[in-house]
Every structure is written in structure tokens, then in C-alpha cells.
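Once you've had a glance at the structure underneath, I'll fire off some questions.
Each chain carries a letter (A, B, C and D) given by its place in the written order, and its residues are counted from 1.
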Amino acid sequence: MIKKALPLTVEDKQLVQAAKDTISKYYKHKKHHVAAALRTKSGKIFVAVHLETNVGRVAICAEAIAIGSAISEGENEFDTIVAVKHPNLREKGKEIRIVSPCGACRELISDYGTNTKVILSDDGKLKKYVISDLLPYKFGQT
Amino acid sequence: MIKKALPLTVEDKQLVQAAKDTISKYYKHKKHHVAAALRTKSGKIFVAVHLETNVGRVAICAEAIAIGSAISEGENEFDTIVAVKHPNLREKGKEIRIVSPCGACRELISDYGTNTKVILSDDGKLKKYVISDLLPYKFGQT
Amino acid sequence: MIKKALPLTVEDKQLVQAAKDTISKYYKHKKHHVAAALRTKSGKIFVAVHLETNVGRVAICAEAIAIGSAISEGENEFDTIVAVKHPNLREKGKEIRIVSPCGACRELISDYGTNTKVILSDDGKLKKYVISDLLPYKFGQT
Amino acid sequence: MIKKALPLTVEDKQLVQAAKDTISKYYKHKKHHVAAALRTKSGKIFVAVHLETNVGRVAICAEAIAIGSAISEGENEFDTIVAVKHPNLREKGKEIRIVSPCGACRELISDYGTNTKVILSDDGKLKKYVISDLLPYKFGQT
């Protein structure tokens, strides 16, 4: 079902860097350890950190804030999104790494663009997939 | 990436029926229109309806309640889960149909059993997949 | 705005005990540390543990599972609910304590019964309030 | 428990207007009908629309995106927040109205500033409260 991974472009690597720069700048223990970077079809980049909360269930993912920020500035057409995670206190020495969107984010990303591409890490190697490949048999579509 | 669908058993069809019976019995406009049925490895079946809410974001999926009910009775090993949706008022004449788990439920189901199987509908045909096939490159595992 | 706390009954203390017994029995590190007990107007008690998840945002609160379990058995009229939390590994020696419902649960509890009562702890003292007192100016009602 | 409402300032009325302007501009049926405006202590205003989703449970509230956008630009000190709701297709002729934060947002708002103020509507009259008054006996604080 999942198609072949798509090739990464120079812009994709800049997008990953934008996400890394964001979490490097705003990382805060128990508050923000994930950041996302979203590139619109018009070429703009929106970055955001996630919001950790006392009650985990009400936390807000970085991807969601990046998408919401873009839409709140009139940008609705999304090309590619990526998220990265800062090591926590117990992971000292480790590097910022690329993370996959959680299942809830996959719903959101695909609702706001079935062709949006996602950059993720497959055993340390960067890969890019269309969101629909990451949420096969989506609820409401079968 | 996604493997071949698994064959459905007689027990699987009984599980689908248990979910349908539950929503037939407890369907309530704007409150409960989805039901789930979960079979544990010990062969017990737990059924539940979902809880719609005034603020959609705090709604609780049927799969989550079925899993939670099972665990709250000491059952931790899950074999197969399925969810069904009752037609709403505008869909009169339509039948109860099988629905895929949403992305949030896929996270939950796989957290509580990476080999749990999910029954879903592929263009009207029943199929069964391992949950990991429905959430490729899960967050935290790459 | 918040009214006077209501007096606790013998049944309320049994309800607290049912929640404590549930988490004593099913506590599991990083999986289940909160339990809830719900008493219906017909006098039945439904207990449940919460479901922690890898992605916090998809976790399911114990109150939600208790309510969902009750409704999935045809019980819709709720009298009183309470939740308790088991100490985690760093809190050794501490006791199971009563916790307030989170904001998301307050939405859910009040959607399924505006007069449902909640037992909580005020500086170590048990108190009971109507849910509407714990979510003043509820969304959609002003 | 809830204290007296606080007096509204000229800046508060401008904040309400900023939220109304945002939803007037970006309202989209079944996608965005709520907007929020957040004023930081430094006097900046961040606006956002909410993100409705196919699966309600994964929707993202406008308040959360406004807070996330601010933090993602380095602003962490919040003064006041307000949300407004655009009438839907069945409510033609009605005006944009102020809405209270849902319970999940109250958790988030108070986690990111226990003294943040919220503007809401009490029977059509604008009122302003400290967030802690809107989430009495917050989870984790008793």
C-alpha cells in the first residue's frame, strides 16, 4: 500500500534545519521539546514548538500549531511538513532527531491537504511520504 | 509496507455483529453513533459506544472505552478490534457500516498491543490488518 | 459563583474506596496510575483506570472510561464521580490520593449530566461539588 | 470561590475586535468558525483560527494556536485572551459572539500563565476573569 519514498530536495533539507533551529532556540524542559516546520506551496515556512501540559491529554502538537499559524495568515496550501525532537535531560549527548507525526497529527495533516508530504526518519535515513501513505484506510474514507 | 490482509474467522464475524448490536441498542443522536467490539486473547468480548461531546475535542472514541473497560477488568491481551458507525439522521435508509480507527485510536491500540488486529472495510469488503500496518513509522519507534 | 460544598455520605466514602481499590489492583508504571469510580442514580458503581499512551495527547482519562462503560451497559443517569491517583516511583511512601477532574473531563462529565457531583480534595479534606460549579461559564452555555 | 469580574480596558475591547476581524476574514464552513486573540504582557497581539477536523477529537482550538504561535516567536508572558465564534449556516443573521474557553483550553491557558485573564460573555455582557477562577481546584494543584 505505501508507495516508494519520494526524493528529498534542497528545500526539504532547509525545512528540517528550520525545525531544528526552532527547537534549539525554544527548547524548555517539560514545556517544549518538539518543533515542526511547514512549507506552503507558495514557499513560505512556518515553524512552531509543541505545548506540553500538566494533563498530557490537552497537549498541543507542533505540527498543529504550524498548520494553524499558516492558516491564520491566509496560507492554506501545504507542500511538506517535518517535526524534530530535542533530547531530554536523560538523553544528554544525543542530537535533535526527526520524528514521525503521531496518529492524531496524521488525521489533521491529511484533513488539511491529502497530498501534503511528510519527512520522517527510517532507521536514521531521511524519507519523504505523502500523508495518505501514513494513514492508510483513513476514517471516513472507506 | 502494509502486508497482505489477514483472513477473517467466524469469531471475527461475531465480533462485527457484537459491535453492530451495541450501536443498534444504544444509538442516540449527537451522543453515540459509533460502537466498538474488542476480543481479548482469552476470548472475551468487550463492547462500548463512543461519547460525543459539546466540544468535539474532548469526545471519547468507542475503541478507547472498549480497551479501557477490558483493562479495568484485568484483561490486557487483545486479539482483534472493530468499530461500526450508525447512520445519522441525514443518512436514513443506510445501514450500520464498519469504520476504520482514527489516527488517535491507532496510537492507543498499538500502545496496548503491537500485534492487535483491526477489522475494517475496503470498498465494502471486510479486511483484517495488524495495527502496525495501519500506523507505519509510528512516533517514537523510528 | 461556586456554591457551598455538599456533605459527603456513606455511599460517597464507599465510592472513594472503590476507586482506591481499583488503582491498587491495576496500577502499572507508565500505563495506569489514575482510577475513577462512578455511581449511577440507580446505585450501581462503575470503576475504570486511565490509559496512558506513548503520545500523551491520545491518553484516555479514567473518568471517561467509567462513564463510557456505564453508558455501554445502558446506564445514563449519574450521581457522583471521583478519581484517585497512585503515587509514582519517585513518590514512594506516599498514599493514593484523590484528584480533581481535568478540564477536558469536566466538559465530558457536565455534557453527560449537568447535576453530576464530583468528590475532590481541598487541602486534604474531602469535598463534593456539582460539576457546573467546577466549570463556570461553560463553552456553549453563555 | 470565583472572584469579582475585572474591569475591561480599551485594550481589551481592541483584543475582542482583533478576534472578530480574524474570524470574519478566515471563516470557512466546517473548517474554521472560532478565532482567538491573545495579548502578551509586552503588548503584542497574536490571533488564530481553530482547526476543525473530520474526527472531532483531533481538532485544535484557536486559543491553543494563538498561544503556540506566540511562544514560537519567543513570547511567553500572557496578559489576556478571548475567543469568538462565527455563526454557522443555520444561524444566519446572527452576529459573531464571544465564547468561553472549553475545559481543555482552560488547562492549557492556566499551565502557561496562572494569572492570564480571559474575556467572556455573561448573558451578553463582557466580563474578564483570571483563568484560575474558571478552573477551580485544578488537577494537580490540590
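Assume a residue touches a chain if its C-beta (ideal position, glycine included) is under 8 Å from a C-beta of that chain, and two chains touch if they have at least 3 such contacts.
This structure is a prediction, so every number in the text was calculated from the model and none was measured.
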| item | value |
| --- | --- |
| Over-half contact-pair match to A-D, picked out of the listed pairs B-C, A-C or C-D | B-C |
| Most distant chain from chain C by Cα centroid | A |
| Euclidean distance of C-alpha centroids - chain B vs chain D, Å | 34 |
| Whole-Å separation of chain centres (CA-atom averages), chain B against chain C | 25 |
| Between chain B and chain A, distance of the C-alpha-averaged centres to the nearest whole Å | 27 |
| Junction residues of chain A - those touching two or more other chains | 53, 55, 57-58, 60, 102-105, 107, 139-140 |
| Chain B to chain A touching residues, read off their complex | 1-2, 99-107, 120-123, 129, 133-142 |
| Residue numbers on chain A that touch chain D, as the complex places them | 22, 25-26, 32, 35, 47-51, 53-55, 57-58, 60, 62, 64-65, 67-69, 71-72, 74, 104-105, 107-108, 111-112, 139-140 |
| Contact footprint of chain B on chain D as seen in their complex | 52-53, 55-61, 102-104 |
